[in-house]
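Structures for review follow.
The following pair of complexes shares a single chain, chain A, combined with chain B in the former and chain C in the latter.
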Partner chain A sequence: MANNIRNINKCIPRNSLSCIVPRLLTVQQYREYARPTSFPDFFQNPIFRKEDQAKLIESAELPKIAALPVRPPAVYQTSSAYHDPLVNKVINHVMEMGKKQMARNLVEKAFENIKRSQIERYHLASTPEAKAKIELDPKKILHKAIENAKPLLILQPIKRGGITYQVPGPITEKRSLFLAIKWLLEATNEKERTVHFPEQFAWELLDAANNTGKVVKRKQDLHRQCEANRAYAHYRWQ
Partner chain B sequence: MRLHPILFAGPSQKSARAPQREPVPFKMLLPLELKKTVSGKGDKLKEAACMQEMAVMFACFKKSEFDQQQCLKEVAAFKGCYKEYSERMSSQRELGKKGILVPGEKKLTHRQLNQLLKSFPPKKSVK
Partner chain C sequence: MSLIIKQLLLHTRSCAKFRQPAICNIYNYSTKATTTSGSNNVLDNITDWETLSKKKKISKAMKAYLDRAQEHDEFMKRQQFEYKIGKRHLANMMGEDPETFTQKDVDRAIEYLFPSGIYDPAARPLMKPPEEVFPARKAAEFDEAGRPHHFLFYTGKPNFFKLMYDAADNIKNLQSFEDKVIRKKASPDPNGSLNLNTSVWLTKDQLEQVLVENITDLEYDNFKAVMERLASLPYSYRFKEFIEKFRKPLSSQRFALEIPKPAYDSEGRAFITTYECLRKKARGDVTVKSPGTGKITINGKDLTYFDDVQSREQVIFPLIFTGLLDKVDVDCHIEGGGPSGQSGAIRWGIAWSLRSFVDSNMLQQMQVAGLLTRDHRRRERKKPGQPGARKKPTWKRR
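Moving on to the complex of A and B:
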């Protein structure tokens, strides 16, 4: 009871932000932060990429958002030209026990290895056409590798009449990305003890970018199994 | 001789163990009215989405030995179909959650129906 009264008292001065904004705006938004944050829900997520800001300016939504309170950006939310959301995601997947610096170093070392091997190949190539074909940008190779590793279908266990069928069906974009990164890392960790992570990761990325290797095979195996089980596909909707 | 009480405890018309005698008298346990709401149980959509596209894609995969590069058209069709479907479902879910009534709509969700029933409550039956 006392608590309620205090809340009411707090809301009487109408110019205070915390009283007015929630009433004006019941925007349910995607929360990038973990639940316990010191900022209430009506604080907007920061828009830190230049492209996103340009989009907002184009669609004339900026003046609407500009008046609202915004959470401070996290350390990784930068407008730097070198920021790549996918690379960031991969680094976060590589990370163990919150050792981000180490994960970042490992991924960057893998990029260095890719760059070295590609440059070597570039100089070994004799004709300019062959040289033009060789991709030297490790980030582009990572993008290509993940694109090639992404599965299109998913097998879902569905129980019908006491028997569990593996039922194929479409996969969401998010899940597909997750599986691609997970498979790449699992393939990388399946290595000799003497081979270091950055080397193996570089090889796996190059293989996947070439549409060969363990990860692409794993994806194709999944597709094969889906094809074999296609007769059960209608169970998904019953 | 002492008679055991069990012998007298057989199913009689007084106990519930006896078979009921026709006609069984009707007892009204709940008021004989419909509820003021409908449940959302029947609203689950049983639409088989993208089955056609999936079959086409599988056929192409089989032909090209699961090389995705040769089936770009089919893969794009399948992806686009699922994307369109999930967008449609999410927008429908959101509309359904709000229970907004669209004039002239034939198929109503249970939330829309409840909205209607709330604004035009069914008349109480006269006893």
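Moving on to the complex of A and C:
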């Protein structure tokens, strides 16, 4: 009897049958249970870039990892050649109120502006040496700009004897990246109202990639202040 | 019928009391009286209370234990009898052969006869063998004179501390073995090393079931620490059996099993349809045809069905990954959810269908890339008393 019911259910689409005999089908109906909102800890992070996997294949570790449960890649991750984790990071920093599509469009527009101005420069350059020096890839310019904007030291306020000292200390890689992106965006947002974000962001990126501009100056100021406060350095551990 | 309902009620109630009582005493770590047999089942090795009670000199503790054992024994017998009768009734009700009616059939019959909308699956009616429902009990821990058998009886948790003792003993053994090997100037056997990646330590509940003892969180942490230490030693493979008793394998390679053979359409092209492609609230089915020209159809439109680039990227992710972007055709029907959920469902559907068109190496690579994992996560519900699922109200002094 039960088998017959199962077969019926396979033949007829669910919705129509549940209208006809709702009582009979309570068992087979789709029930929503509490679903987990995350994966358990023993799930491995996915390795989805081809070049990362090539390393694993070389060291013959791939079959071992394939035996483990793996999380699915996130919606912003792909194995496409255009995928860049740093660009994703910048898009997320640009994003406001969860409007990711808007943020992505802005960053891509800025890249377009960079590309345009660099190509213009390229064509204006007279000699082949000067042409070879001009970087045309906006993603490489972004990487260079962020590399140049990253601070190496940081000032931490530390209270000793009722007086707060600005004590220089080392900075973690993550914090340094955060500050670089934050400063780039702060410098971009200090613009005239008539200038659009992508244009200003493109200029800031080009400036920073060239080791000039507001952001690089801010980094150098911080380094200078750290140097000036080096006498307080011992407060980090005393 | 009334019998079954009684049985059901009883089991439902008892299950609520003992959260996961199944797997009774697989690893028989319980201390046993010398009079008991060495069988694995607790029911079989209950002390022979009849012969014991004839003896005159018997301690009060033993007497109380014998009484309890007898009571439990009778109770379990009654339960087993009721379970058997109930199973036969169910088989008759479902019009099937009572002799060949298995536990799987029982579960199906219960789900059919007692449909329940109760949210928590553990609270729904069930009918299981009594050994699974009632937790295992320890055999007698002392003899007739009241003297304990186990040398760690007075720790209160003899099985747990015996386990810790054994683990520490094994560590010492391994260390002395390593010294010997170093003295002989040999190197460890590289093939013998333990692979701990594919399994995890038993959880606290599982360990409690194995030991038939309740342990505290601190004790569980100690167990994990000492076992980790044992497993990290270079010659730990010598105690592989001991270690693996306390490990549970992670889910196996499901993706490699049951890869369907493609069907052929009127044009002679191989195709695979994957139904029930789910992600968030989106549901749909995906058909992959090979050979093709890279044509992607989503609800009758092409890739521009999605307005945003991110979703389009997600759809072609498995095709790019396997290098089949312009070698297969994809046709999908998807409904429900937003662009992110729909593209995620299609991504999984394409990856799942492509299993039939790629070789085993690529299959492994897809697994490592996480393309074959079903993303079962759902939106977490809002909680009363707070503005969101996890978000709490702003703290105010008053």
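Please note the rule applied: the second predicted complex is superposed on the first by the 200 of 238 C-alpha atoms of A that agree within 3 Å, B and C clash if a C-alpha of one lies under 4 Å from a C-alpha of the other, contacts with A are read in each partner's own complex, and residues count from 1 in each chain.
Methods note: a residue touches a chain if its C-beta (ideal position, glycine included) is under 8 Å from a C-beta of that chain, and two chains touch if they have at least 3 such contacts.
Since we're looking at a predicted model, the values are computed, not measured.
When the shared chain is aligned, chain C comes close enough to touch A:69, but chain B does not. Once chain A of one complex is fitted onto chain A of the other, the partner contacts of A:193 are absent, as it touches neither chain B nor chain C. Of the two partner chains placed around the shared chain by superposition, chain C is the only one that A:39 touches, whereas chain B remains out of contact. Once the two complexes are laid over each other on the shared chain, residue contacts for A:159 go to neither chain B nor chain C. Within the superposed three-chain arrangement, the count of touched residues of chain A is higher for C, of the candidates chain B and chain C. Of the two partner chains placed by superposition, only chain B is touched by A:223; chain C is not. Once both structures are placed on chain A, no chain A residue is touched by chain B and, in the other complex, by chain C.
For chain B in complex with chain A, the residues that touch the partner chain are 46-51, 54-55, 57-58, 61-62, 66, 68-69, 75, 78-79, 81-83, 85-86. Interface of chain A with chain B (complex): residues 148, 152-153, 168, 170, 172-173, 211, 220, 223-224, 226-227, 230, 233-234, 236-238.
If you check the complex, the residues on chain C that touch chain A are 94-95, 108-109, 111-112, 115, 117, 119-121, 195, 197-198, 200, 250-253, 307-311, 313-314, 316-317, 320-321, 340, 343-344, 348, 364-365, 367-371, 373-381, 389. The touching residues of chain A, counted against chain C in their complex, run 1-2, 5, 26-27, 31, 33-39, 42-43, 46-48, 50, 53, 56-57, 62-73, 75-76, 78-80, 83, 100-101, 104.
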